[in-house]
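Dropping the structure in here first, questions after.
To keep things simple, chains are lettered A, B, C and D as they appear, and every chain counts its residues starting from 1.
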Amino acid sequence: MKTSLARRVVAEYLGTALLVATVIGSGIMADRLANGNAALALLANTIATGAALVALILTFGQISGAHFNPVVTLMDAMEKGLSWAETPYYMAGQILGGITGTLVAHLMFALPVISLSRHVRNGTSQAFSEFVATFGLLSVIWGCSRLRSNAVAFAVGAYITAAYWFTASTSFANPAVTIARCLSDTFAGIRPVDVPSFVVAQFLGGFAATALFRWLVPNLQVRAREVLLAHDTEQNR
Amino acid sequence: MKTSLARRVVAEYLGTALLVATVIGSGIMADRLANGNAALALLANTIATGAALVALILTFGQISGAHFNPVVTLMDAMEKGLSWAETPYYMAGQILGGITGTLVAHLMFALPVISLSRHVRNGTSQAFSEFVATFGLLSVIWGCSRLRSNAVAFAVGAYITAAYWFTASTSFANPAVTIARCLSDTFAGIRPVDVPSFVVAQFLGGFAATALFRWLVPNLQVRAREVLLAHDTEQNR
Amino acid sequence: MKTSLARRVVAEYLGTALLVATVIGSGIMADRLANGNAALALLANTIATGAALVALILTFGQISGAHFNPVVTLMDAMEKGLSWAETPYYMAGQILGGITGTLVAHLMFALPVISLSRHVRNGTSQAFSEFVATFGLLSVIWGCSRLRSNAVAFAVGAYITAAYWFTASTSFANPAVTIARCLSDTFAGIRPVDVPSFVVAQFLGGFAATALFRWLVPNLQVRAREVLLAHDTEQNR
Amino acid sequence: MKTSLARRVVAEYLGTALLVATVIGSGIMADRLANGNAALALLANTIATGAALVALILTFGQISGAHFNPVVTLMDAMEKGLSWAETPYYMAGQILGGITGTLVAHLMFALPVISLSRHVRNGTSQAFSEFVATFGLLSVIWGCSRLRSNAVAFAVGAYITAAYWFTASTSFANPAVTIARCLSDTFAGIRPVDVPSFVVAQFLGGFAATALFRWLVPNLQVRAREVLLAHDTEQNR
């Protein structure tokens, strides 16, 4: 029996909020403590983010599918895992959740509730990095849709841990998170003007991976429905 | 067949003692070795604590439920996972275990057995951080109660790894651990006078998450009984 | 039902490309941020690589077996897990994938597409390190072939995480990755002239482990066919 | 069908050799690269050791039980998991394996094959630390003997990761490893004269945990036979 749409959208909202609170909050903490050593700050930010993804996907995976990411939601709709009618609600929940996460992080660290980022992240190599980052993320998701759903949590957490370091953009790979991060003038921020090219590159990377995996895994649609959608918990025990 | 109450309370005592010995002991070691680099010290403290939680929840989960935390125990009693009559014994075991962990850490590092902390941790943003930290922790626990119980160990360990960095208070999220940490004038300490607001915020965060997940996961009580209570091991193999 | 050879070779190509992009890209990022602290740079490089292996083996394991490594492919053919006719296609996919990964990493970091490495890695102790590294890797793979295939992803990721530090050569342990790394004059590079002794040592280490495990695990061939080959996904759920 | 004693002893030899090569080799590498920052060196040493334990226990667990540790072997014999006649062979394999690991690490790093350590590790608090470290290790092993055996690999790796930091002695917790480490005048070494008190404390810690868990888990002996002994692989799939 499927969970109601309202519950699933709240789960997407809550999970994305906690994810963004982790990305921004751990960036603030790391930046404050690292005495200007950027490698150490990014390492702390990475470990916090990867760990949060494992915890949050295990927590919300069986309620809403734990997308937390409009690219994942759109690709899932294309593969018929989610109905088109439900797609905008998922995306709205994710975007609002991301913004809430920024607010919560700022409140915890006694900063102004909103502050537009001045962190420059532009140029072709940054956009190409986001294309690669999101191509890899969707590859991991589609590849793991063949496995029991718990493995997805570890695979996605591990992938983002790697991608923070192997891409020049530190792998945003998520439009909702990108929007939320432009509202924070801290370590993890991005200038609002740089957001559009990131988001476009992210959707293109997601499309490319989905097209490739349609060929690579012939019965992808069947599996998408089983794994990425909210599903009755009994079948997963 | 359920494990006897005496055995379960000893398991809570032992697990909380080892958890607190890790939090305080690794804080002392990290502080001694890090040459004043607070980010590096907190990273070592984080990795040790997250890893200890994975090990200890896998070890004691099937004996006592591995709460190690009065907020978890109270919420579990509210959800009928634990009887009200057993609740005070669980909490006493956790608080005494936490204090024992402090003593053991101090003995290992040749420090005075007890020392009241002078580490200031007060103000609204610290209390709000503890509210968020414990809200997130109970969300993870209730969300994962749908999964096989081994996943809870990894989810909680990963969550606390993230929360050490994304909250301004480094996520105590546990009244027994908070009390134990006020008895240690070391890296992980907290002034006794700052304990009450932390504990109140922790219980409020736990209540908020439990109320939300009652709506989010309609059959939460049934699952609470299966997952958080000590249970016959055969069903988990 | 087995996945077609074309799909499996593309999976090997793609997985090796993402693996090498991680090794080289995270090396560049770590080197840039670490202010000359080589331990911190290698730690970031290690965590990214180990995490990428977990994600990529979970992703491609059930499509192609996720070898990403000519030594693994040759040993698998010797143990009758892969037919000899398919072996050269696997190896070609891996080598081309590795080179592609180098190009992608360079493009993401706005570096020249190819640059021959000047990083000296020679001498007996380096070659012996590669022998030990690859001996250990194949031991882990054959030992875990007794387990459910998901465990292999975690075991290999954890093994390489350790081997980056316990070998003097930082554990290349993979001819395709070694070739790809000689085309990058960055942190993770190796001089082209040093490649042959690395590759020879890697194959010798792989042979030694395989010979030993033939005796240690009598029914190794039966298991190799089940675990390292691409197989129908149903049996793994 | 049980694996032959010869195969099991070789597995103990090989696993302990790779474990000690990791402990000593990663200590050498970390010490060389860390520019005198002891916290960073220990963090690298910790991550390498914890990851090696996960990989090696998954690899050898179903061949020999993956003890790699005379305390574990003795306790397992006391609980009737291993016959008394086989116990000395296990221990000899572990001790010889540990010494081999030291030699291999030294050869990889082009150091003299053997060098007696001058690293002072004495005093009551060091011995008490070893008691606590081994008490915790055996608690984790006995507690997890209720779970599927793969969980033991993650629990032990995570426990040692924590124990490197929360004990003042960096948690040797293993007589075979302690003996091997006195033959290396490097980061991970221990003076030969300090070995006996470490070993005595380790056995006492193991006894204490085993006595406690006999009461805590009434059917411990039955489970010990199933989990810690080498067993037919079919029952674990």
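Following the convention adopted for this analysis, contacts are C-beta pairs under 8 Å (C-beta built on N, C-alpha and C of every residue); 3 or more make two chains touch, one makes a residue touch a chain.
Computed from a predicted structure; not experimentally measured.
Most remote chain with respect to chain A, judged by CA-atom centres, is D. Because chain B and chain D share one sequence, their contact can be compared position by position; here under half of the interface residue numbers appear on both sides.
To overlay chain A on chain D by their CA atoms, one rotates by 180 degrees, a value rounded to a multiple of 5. As a whole-number value, the distance joining the C-alpha centres of chain B and chain C reads 39 Å. Chain A and chain B have centres, each the mean of its CA atoms, that are 27 Å apart. In chain D, the residues that touch at least two other chains are 37, 40, 43, 47, 154. According to the touch criterion at the top of this document, the contacting chain pairs are A-B, A-C, B-D, C-D. In the complex of the two chains, the chain B residues touching chain A come out as 37-40, 42-43, 46-47, 50, 123-125, 128-129, 132, 136, 139-140, 143-144, 146-148, 151, 154-156, 158-159, 161-162, 164-169, 212, 215-217.
Residues of chain B that touch chain D in their complex: 7, 10-11, 14, 18, 21-22, 24-26, 29-30, 33-35, 37, 40-41, 43-45, 47-49, 51-52, 54-56, 58-60, 62-63, 104-105, 107-110, 150, 154, 157, 233, 236-237.
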